[in-house]
Amino acid sequence: MSYERTIWEKIADNLRSRSMWMLHYCTGCGAVELPPSMTSRFDMERLGMGPMATPRQADIFLITGYLSVKTLRRVIYTYEQMPDPKYVVGFGSCTINGGIYYDSYATINRVDYYIPVDLYIAGCMPRPEAIFEAFTELMRMIRKGEAIGWKKYKENYEWYKQNQLKSLGEVYVHDEFHE
Amino acid sequence: MISLMIAIPLLFAFVSIVFKGLAKYALPFIVLLNILILLIASTPVVENIGGWKAPFGISLVLDDASYYVVLVVNLIFLLLSLIPQIIDKGYDTIILLLLTSTNGLVLTGDLFNSFVFIEITAAAAYILAYHRNNPYGAFKYLIIGGISGSFYLLGTIFSYVGAGSLNMAHISNNSFGQLTAAIAILFILGLGVEAKLFPLAGWVPDVYASGSSLTPTILGTAITFAIMYLTGRIFITVLHGTFLDVLYILGLLTVIVGEVAALRQDKLLRALAYSSIAQAGLVVAAISLNNIDSLTGAYFHSMNDLTAKFILFPIATVVIKGFEKDRLAGFAFSVASFSLIGFPLFAGFRSKLLIISSAFSAGNYILPAVLFFASIVEAAYLLKWNIKLWFEKSDTSNNIPWNLKTIVLVLSILLLIIGIYPDLYLDASRKIAQSILDTQGYINSVLGGI
Amino acid sequence: MSQLLLILFIGSFLVYLLTRMNWIIGVLANIGLAIYSFYRLFTFKVGTSESIFSLIVNQNGTLVYSELSKFFGIISLIVAISVYFFLINWLEKQKNRAVFNFFLALITASTLGVFFSGDLLTLYIFWEIMLLFSVLLVQMGKEDSKKAALNYLTISLIGSYMYLYAVFMLWNRYGTLVIKDIVQKISVETSIFKWAVLILIAAAGIAKSGIFPLHTWLRTTQGSSPDAFSAILAGQLEKLGAYMLVLTVAVFPSLKMFPVLYGGIPVFNYVLIVLGMISILIGTLMAIKQNDMKMLIAYSTVSNSGYILIGLATMDKIGFAGGLFHAFNHAIASVMIFLSFAAVIYRTKTSKIDEMGGLIWKMPLTFITYLVGIISLAGIPPMSGFISKWMIFVVLVKKGMFLTAAAAFIGSVGSFLYVFRPLAGVFLGQLKSKHKDVKEVPIFMLIPMLVLVVITVFFGVIPGPVLNMITAVEKELNIQPLEHTMTVIKSSVGQWNTLTVFTMFAVGFIIAFILYMVFPKAKRIPLTNQYTAGEFLYNYDLYHYSTRFYAFFERLYEKHPSVEKLYEMFGKFFKDIGEFLNRWFYSASPSAYLLWFSIVLLAIFWVRW
Amino acid sequence: MTIFKVAAVLLTGFFVGLTLEGIARKIIARVQRRYGPPWYQNFIDVFKALSKHGFSHGWIFDFGVLMALGGVIATLSFVPLGNLVAFPGLDNVFVVLYLFAVGALGMAMGMVGSGNPNASIGVARALTQMLGYEVPYLVSLAAIIFYYKTSSISNLMNLQADSWNLFKMPIGAAVAFISLMGMLGKKPFDTPIAPAEIASGPMVELSSKYMGLLMLMHTFSIFVEISLFVDIFLGGGSYLVFLLKFTVVWIIATLISAVLPRFRIEQVVKFYWRVPLGLAFLQAFFVLIGWVF
Amino acid sequence: MMNSMNDLLEELKKLFGNFEVQEIDEREVKIDVESDKVVGILTTLKSKGYSHLSLLTCVDWINENKFELIYILYSWQNGCKFIVATWIERKNPKFVTVMNLWPVARFYEREIHEFFGVEFEGNDDMKPLILELWDDIPPLRKDFDPLEYSKKKFPGRQYDKDVIQEALIFRGDKNG
């Protein structure tokens, strides 16, 4: 379900697919898979991907593993700080349906209920091969214009916001630790 | 005729003991009488008391130098008499006594006679020192004054032994080899205390800073000027400049010590006392350079200094808090302090300029350096006081009596005028310097060519 | 000229009376006076000399209107006019305004007097008047300004009395005090005399412009004096120091008077260059440490006076021109910076950098003035500051003085550091909550600032007019004039064209702007929407980096010997001696008096007998 | 005529700069036994960054970025590339170096204008590091200018016809190369942009096109620095020979930076003002007494 | 069991009367004490060298309708461990604080309050420590059902298709 795009956006999507910058923000146990994918054996950089320190410069947001309520608040806050054509990749089953923590009072069961996720990678922490499979798939989707999570977030922002508030109470929390 | 100038104040001094309060109001007329006599008398007048010829009897000499010095001294007394508020009950006789002895001091041509008048001045000064119950200061002044008086007496005796007579002209006429050294030392010590030289001026801060506005105004101005004249007279005319370099060194020491000590003071009066020590030291040092320019500079500076002190001391004693209320007194105070420091366009600048140029032409490079150091330190603490009195918030400040305010204003305007057209003070001091320096003229006029 | 000076002095009394009535009229009168004298400055014919009322018995002072006095007169009057305009709104917050205005008028009058004076003593008299009234003005500032004023007075007096000492040495030697005659005679004297005279005269310049040994007063005075006056102090009074240095280096022909030591520079000038070098290093390193913005710029004045001194002392056609042009640039730049600081303090009541932040969003025009000011002060190309620094670099490199060149480079790159500290700490970064309602300063304060911005930019692009004036001065002091066209500055080592640099900068800016417009428009987000590593922040006052901005660099020279403490130690030393004297000699018991009495007796006997 | 020359200089700067950066990333990858991105990766990154919808922190943020890029473009236009000289007489060494400061100041002002303390810390570090490497560099240049008696870069270039300054003044060349490493902001001296410590320093708030513009500025500044070094120390003959020398210097710099860890900021200044400055003064002393090979 | 621990137990028994002792291993012993004697024992143990309160936790015995508070003390001199346990009511659990003995107990008690709802007099700092904006009964109590809470607060994915069926097809056991 790609939307109609001008020639410029086609070119831009083509470029975006070849130089995806990944936000260096590891939310769960999947983060341990990233170093091997960056270093010499798998080398993420040959796809044009590299870790970026700040959300302002990043394109992809990796949600690697279970997402507790408190981390979700930070994820939403960082997601909104990223510039516009941004893509979210969910690692492992915990992001799909809560995984082994489906019945825990502290972790959420379904990420795309709160922020749009473009691509899921199955496996209880996918190996670098699966990650590269996902990245190439994401590149194809971007080139085809199918990775339009950020547009969905913008269009039905109200729905997402209402879901977030229903589950989290309020996104920005003000307690003794945050002055 | 000039002996009347001593007689009249003495007479009224005794009269005033009888009529307790009124002498205070008679004082201006007496001083006016004195000035009248002075104006009538034309210079080089020599008057032998009791008809005895010069070398034997006492002779009063009124040449150019003593004419102007007496004039200045009497003018100061006149100004003082115009402010009766500060003269307390019993002190009018003392003021009259002081007037007689200072006139006598300046006019006399006879050494022993000058010793007598110095002792009378000192006595009057001791009582004055006691003015606002300052017993310890007065006592200290009494001890040191007495000793210096005795040394002065020794000096006169030695010169009598040497020259055979007590008359200054006669003494200066014939020289007496080795003895002059001893005489000079004795006179240095004798006059040193009154002239506030370095180690001998211990009494000055306690006496001047006793809180009474009368003592410093009189002692600091009139008496100091008379003593400066006397030092000049004795050391240059009588002793032909022996031991002037010792005097020079003592003078320099006094300047440095006076300024450094003044820097530390936290009370205004004491700081001003030290400043007067330093100025006196400076004048002595300038006199000891022994050339026409430096002598003129010395007396010109001494005149500026006494005018400034006449403004500073009364204001300092009366106004403690600040000049918020009466700006005029503040203006006078600032003008006086600026002239003391030597800022251009004020009188002090002219006199310091003269002293420095004379020092340079005499090839002496140390005096200007010391003078600059002194004026830097003086500028520092005087401006500190100026700023403190002018700009700090002051709630109460007792107002100054109107007549003091007018006199102070007149004097400060005088300082400004002198700053631009200095010839009023300059000619007077030039005449004083000339007459002190030509000893031969002095001898001829006194001895009348025996 | 004496007629102009008379008008100025009488005018200042008039200003005093007017300000007592209504302070706005007083300020306007002051502006009128300054503009009138600025106009008259151009009408005078160069080279005329008049006599002024006689100050010494047989000698009346002379006033000479030379190219040099015209150049420095123009600088000081530009500074004066812009600060007086600034006063229209600023003065109402200052207590006892009448006296403030009166002293300002007097200072301007006496500065012009100094520039016009033809003989050394008239120069001294105007110098002292300016000194006295500037001390009384300095102490009208904050509470510790009284002590700072006294500090300033003592050091300046040391300088001026050393100058007076030299004046008398000359007067005693030649009988005349007119500079022109002395200059002919002096080159034949013995070298000790020449060294002594020139060092003493230079002392006044060093004290006033804050070169190394006598620079400690600048920090406290600038820090605590009233803000408008610190602009005058930096702009006008420092240039007096520069004028005195020109007097010692160029008017007294140092080239003819001293043997050449190295690279065509006489020995005496080399001593001055070493002093200049030290003051650059001290100024830069200390400025980086300061937290109070006015003290920071005070130290930058120390380092810039070092540049002026080095420029002048090289006596080379480019170096001398560089020194003079730097005096001009430094005056304009430091006035702009101090006026912007005064505007900031006028609104935020504090001058500490770490208590402010993000003021650009509330006071953009003040920010632009400050920005252009620091670009010129730090010597960055499009502005005029760079041209003078370039000249000084070229002359240092041409003469092969590498140590001085290294100090100059450290000074210029260091100036990027310390000028950036207030920029980042005060204007950029997060806006403090207590400054939420700060408004821009009223219009009358903005006009002078923006006028100065225009002047700096104009002379940055077309330095022709100022360079013409400078070459005229060089011709007058018979130094080989600098060859330059309206916008090209030639030197034996290389030349460059200010206009092409500016056009290329504009071209680059346009290219960047085109790129900026072509690509998608960015969304404007509020200042509090920051990357905070995922944390929720509510008190953004703390989220601003401005305290100890260069902490890591300051740690390198933390335990540095401080000259200021040395002078304080001297001060205390004198006070202790005073204490000792007071206790031993003056308030002791009579028996002590006798002791001293006998000691004097013995001393005289021992010495004389 | 000069317009075409300037355009040529800018385009070379753009294309050669970005390709060489891509090649550098390839070299670093190969040093780390990785495959590494294609050589045109930097072009893609720049245009990708430019094409995104970013955030702006107010007019000073935009003005800072524009001033930065404008300043560096102006500097680049003054630098002669071999015999391609845009402004023949006017390319003075000090003018080029201090025009470079305009770009640095613009970037610094813009980044701190974003309001993020990480940016202020990064900028403070960048300025201190600049203080560190600028002084030895300028002193060594002063020695050369004093020796050749001219400070215009094209003259310096032509005067090296017989033997390069690299051989004439080896110590000066070494000092200049060390300062060049500092200027490039490569690994041993990239404390201002330390991603781990202060979240990529000044670039913390740079979102889309601002990031792109600043990457362009970074490329141009690298191009300016190295072409200065090549012109002054390696002769820099015809255009192609110049580019060859440029690549060689660039590869050496990348190799060094690929293996060295990052300096701490105090160490940077202490290092620069001890070893290189001493060597620079030594070189100046040699030039003074004429020991030039 | 170490003899030093033996005579310590004897001493405690003498002081505080009898209590049930259970030896876990050579250097570790567990004692069950009535709730009013706990503080006394803890102070004596602390004075005897068991200075380190390594853990203070609570166990929910729902069917005995009681909470069990467990204090684990560790001695650095001889490396032995004392586990002091006590039972408190489950309805509105209340106990005295040991904050004055060990400052660290403040956070343990705060956590127990958050997750079990036990009140500690003397420790007024009962703010939530770990959970943010918690709106249900203390979660670690046995009568709290996390699955139902998770279903209520964090809706999952609605699986309408038969996953097992699909897996079989995928593996090729069934055609389709």
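Lettered A, B, C, D and E in written order, each chain numbered from 1.
Going forward, a contact is a pair of C-beta atoms (placed from the backbone, for glycine too) under 8 Å apart; a residue touches a chain by one contact, two chains touch by 3 or more.
Just so it is clear, the structure is predicted and the values come from calculations on it, not from any experiment.
Chains that touch both subunit B and subunit C: there are none.
Set against the C-alpha centre of subunit D, every other chain centre is closer than that of B. Among the remaining chains, E is positioned farthest from subunit C, on the basis of C-alpha centroids.
If you compare C-D with A-C, the chain pair joined by more contacting C-beta pairs is C-D.
With centres taken as mean Cα positions, subunit B sits 99 Å from subunit A.
If you average the CA atoms of subunit A and of subunit C, the two centres end up 59 Å from each other. Distance from the subunit B centre to the subunit D centre is 79 Å, each centre being the mean of its Cα atoms. Of all residues in subunit C, those touching 2 or more other chains are 529, 531, listed in ascending order. Every pair of chains that touch is listed here: A-C, A-D, A-E, B-C, C-D. Of all residues in subunit A, those touching subunit C in their complex are 25, 54-56, 73-74, 77-78, 81, 172-174, 178-179.
Within the complex, the subunit D residues that touch subunit C are 6, 10, 50-58, 60, 62, 65-74, 77-78, 87, 89-90, 92-95, 98-99, 101-102, 104-105, 108-109, 112-118, 120-121, 123-125, 127-128, 130-131, 134-135, 138-139, 142-143, 145-146, 149-152, 155, 199, 204-205, 207-210, 212-213, 216, 265-266, 269-270, 277, 280-281, 284-285, 287-288.
Contact residues of subunit A toward subunit E in the complex are 69-70, 73, 96-98, 102-110, 113, 166-170, 173, 175-176.
Residue ranges on subunit A touching subunit D, taken from their complex, read 8, 12, 15-16, 18-19, 24, 39-40, 43, 45-48, 51-54, 56-57, 59, 83-85.
Residues 358, 360-361, 367, 371, 375, 378-382, 386, 389-390, 393-394, 396-398, 400, 402-403, 405-406, 409-410, 412-414, 416-417, 420, 423-424, 428-430, 492-497, 500-501, 504-513, 515-516, 519-525, 527, 529-531, 533, 543-546, 549-550, 552-553, 555-556 of subunit C are the ones touching subunit D in the complex.
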